[in-house]
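Written out below as structure tokens is the structure these notes cover.
Chain naming follows the written order as A, B, C, D, E and F, and within any one chain the residues start at number 1.
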Amino acid sequence: MFVVIAIIIGVASLIGGYIAIHHEDLSVAIIASGLVSLFASILFLLLAAPDVAMTEAAIGSGLTTLIFFYVLNKIRQRND
Amino acid sequence: MKWKNYLIMFIMLFVFWLLLNNSLEKEIVLLGFGISLVLPFLLCGKCEVFTNLSLSPKAILYSFLFLFTFLIALVKANFDVARRVLSPSLPINPGIVEVKTKLKSKIGRVILADSITLTPGTFTLEIIDDSIFVHWIDVQSTDIQENTKLIVSQFEKYLEVMYG
Amino acid sequence: MVNILIIIAISITLLSIAVSMLRFILGPSPVDRVIAFDVMSVSSIALIAFISVVSKRVIYMDVALVYGILGFLGVIVVARYLEKGM
Amino acid sequence: MIKKLIIIGIMAGVVLIFFDLFNAFTGNEVLSKTADYYARNGAKEVGASNLVTSIVVTYRGFDTLGEVTILFLTAAIISFVLKIREEDIIPNRQVRITSEILDSAAQVIVPVIFMVGIYIFVNGHLTPGGGFPGGAVIASGVLLMIMANPKFGISHTVISWVESISGVAFVILGVLGILFAGGFLDNRVLGLGDFGKLFSAGIIPIIYSFIGLKVGAELSNILGTISHAQNEKN
Amino acid sequence: MDTNILEIIGGSIAIAGSIFLLLGSIGLYRMPDAYNRIQAGTKASTLGTILSLLGLFFIFPSWFGKFMVLILFVLITNPVSSHVLARAAYHIMVPLTKLTQVDKWKERREIDESRKAHLRKVKIQKEGE
Amino acid sequence: MEYIAISTGFALMLLGLWGILSQKNLIKIVLGFTIFDTGINIVMVSIGYVRGKAAPILDVINPSEAVNEIVDPIPQALVLTAIVIGLGVSALMLVYVLKLHREKNSLDINSFKDLKW
């Protein structure tokens, strides 16, 4: 059963990674990279590593995404 | 009346801590008591969300009634969504309408907006003074009074007692 | 018996994540993508709860809680960025 | 054109390396030698039921000390690079105000998020998590405060006090390990207690609480600096 | 025997919850504009998650606290986040679908703006005098 | 199970590397870096996975039989460190991007040629 979950989650995270790299709108790209981290966290859970899953969910997907948005906001402000 | 805010915040955090730990051992209860005593003083110097909450028996009874109404509305809302989503012609008729509310206290308005969001076909877009702008998936009229009666009043009659 | 029921539930949840992923790929505006992100993160909470029940470990539920907090916060941050409120 | 060819060449090389690595990978059936030692003796020696915690805090405690230092340096460098003068701040910057609902709901949700953070690092030796995710969750609570009120400024004195006190306490607890037990960051300063209870595993919960507070303060400092820099003139 | 029946009831409730999650994402796919998508997505995902957790509670009653915390958390945060998102969508003018009947808020804002413009005009005239 | 995870990790690393090498936008390059980071973490954790074993937390497992029940905890501890350091590194890189944008008012990597030889 876990194998099926791992395949679907893995494929979804790869799609997220592709969007993160190739989408021209930067905010969409950043949301997609947050999605990659979120799915990676489920993958860690399936690999029997709940500590890593929790850290990845809190730091990798939460705070990193957020610092990206702050910087993007600053750049947008300066371009206006 | 600040103490009431602290008291309710303390009770909320303490119950949350016990649920989170899922056990009633002595040390866990003591530690949780200490933390939830200190935390509201650190974080809530200015906040006064719970100040207007009424603690009379009637209010507590009404909060249970409110919860019951809300849960029924939530289930109804989901069957409504299911019906709209699954029918091939997609029967929607959306629009943004305005309704009025009489509530003044902060937490009452939040709960009202949340319940509007989770009940059949409606959700809160913006709340300005006493008027709430609601996105309605199936607009039946554009009259303010009638919409208020349809959307708001079923929750407001309970919330008015609870929060004054 | 009960394991079969939970496996069916897991499959339906995975299907729902896949359909939301479709909206994430298609979605014309960033708002559509954010709402797809929100639905995916809430479905993932249910998925983690199912996984923890299948593996019979209560400790996995903590991960679901952190997941919920950060999903909520992510949506708030993106919304505040989009409406120029940062 | 040449650039593109070079990129494709590099990618092809990396693909080859990865393919080789993937072919060499066979799933494990038994634990490696070090892990075997930790699994046999970890619970007896350290008394924490989470083995990852006992590795992070005691067996490899120096790593963690260095990691916390790196985070501190990052925060310092960021606040140094983004340093802005007082006259650069725009007093009435146009920010769309928060919706009233988010403002009120944040007052309820922020203490809850802090509670979850405290729960995560206090229970670091029993459940997954520990200082780093706990600190991150606390920082995200601070972030929610900033989101609900863009003018909200974090008090730098409070943050630096929390940060320095917990950093110093971390090192002092480590040194206590040299004095009263086997070595630096040895957790047997206090008794090991009953296995699986909240107050057990020696000083691991205390150390993890300090790490959590320190990481939370550092991450909040980074967030606060970047958010403060939004007010700067072009 | 008793626990077995409880487990089957719990499993069925969990399946119902996941079906609601699926309906929510189908709604997300089919609806014509962002606001209707938020409608379908929020309601269905909230009830879906709550029902799934409730069903699992029947299977493991001793985990009561964790399930309760998650249910409360989802119930509090989900409407707030969708409200903030919808407000942002309206302010950056994500287009409404063509099926839309009325837009009271826009009317209200137009009235406000015309009143403000009128006041400004009057003020300028007075200063001119 | 571990094969699927490790191939996902390798694929994410390749995607991230492709992003770093081929994109012109500085923020896209940092994004590629974070994806690469995630990929490496997945690979490391799946190397420590032991088939059919449980997480290294002994709340329901008897400590005396732990050797035959748990997966390898060491890579997990290392990855825990790596994730936190990754956050520090990407925050630092983003702040430098901000600084660079202040100098030239552009995010394109081709406009920073001052030190090119």
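Basically, a contact is a pair of C-beta atoms (placed from the backbone, for glycine too) under 8 Å apart; a residue touches a chain by one contact, two chains touch by 3 or more.
Everything quoted here is computed from the prediction, not taken from an experiment.
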Ask   = Tell me, which chains sit next to both chain B and chain E?
value = D
Chain hops separating chain C from chain B, counting only touching neighbours = 2
Query = Counting C-beta pairs in contact, does C-D beat B-D or the other way around?
reply = B-D
Ask   = Which chain lies the greatest distance away from chain F when centres are computed from Cα atoms alone?
value = B
Key: Centroid distance [mean C-alpha coordinates] between chain D and chain A, Å   = 18
Chain centre separation (chain D, chain E; CA means) in Å = 32
Inquiry  = How many angstrom lie between the centres of chain A and chain F, each centre taken as the mean Cα position?
reply    = 11
Remark   = Multi-chain touching residues of chain C, meaning two or more other chains, are 10, 17, 34, 57-60, 62-63, 65-66, 69-70, 73, 76-78, 80, 82-83, 85-86
Query = Among the residues of chain F, which ones contact at least 2 other chains?
reply = 2, 7, 18, 48-49, 54-57, 59, 76, 80, 83-84, 87, 91, 95, 98
Query = Which residues does chain D have that touch at least 2 chains other than itself?
reply = 50, 52, 96, 99, 101-102, 105, 108, 112, 116, 120, 127-129, 132-133, 137, 140, 143, 219, 222, 226-227, 229-230
Query = Which of the chains are touching one another, listed as pairs?
reply = A-C, A-D, A-F, B-D, B-E, C-D, C-E, C-F, D-E, D-F
Remark   = The chain D residues in contact with chain C across the complex are 95-98, 102, 113, 116, 120, 127-129, 133, 137, 140, 143-144, 147, 150, 227, 230
Ask   = Hey, which residues of chain A end up touching chain D in the complex?
value = 50-51, 53-55, 57-59, 62-63, 66-67, 70-71, 73-74, 77-78
Ask   = Which residues of chain C touch chain F in the complex?
value = 55-59
Task = Give every residue of chain A touching chain C within the complex, in rising order.
result = 1-2, 4-5, 8, 12, 15-16, 19, 25, 27-28, 31-32, 34-35, 38, 41-42, 45-46, 50, 53-54, 57-58, 61-62, 65-66, 69-70, 72-73
Query = What residues of chain B sit close enough to touch chain E in their complex?
reply = 16, 18-23, 74-75, 77-78, 81-82, 84-86, 90, 92-98, 110, 113-114, 117-118, 121, 123-126, 131, 133, 135, 137, 139, 142
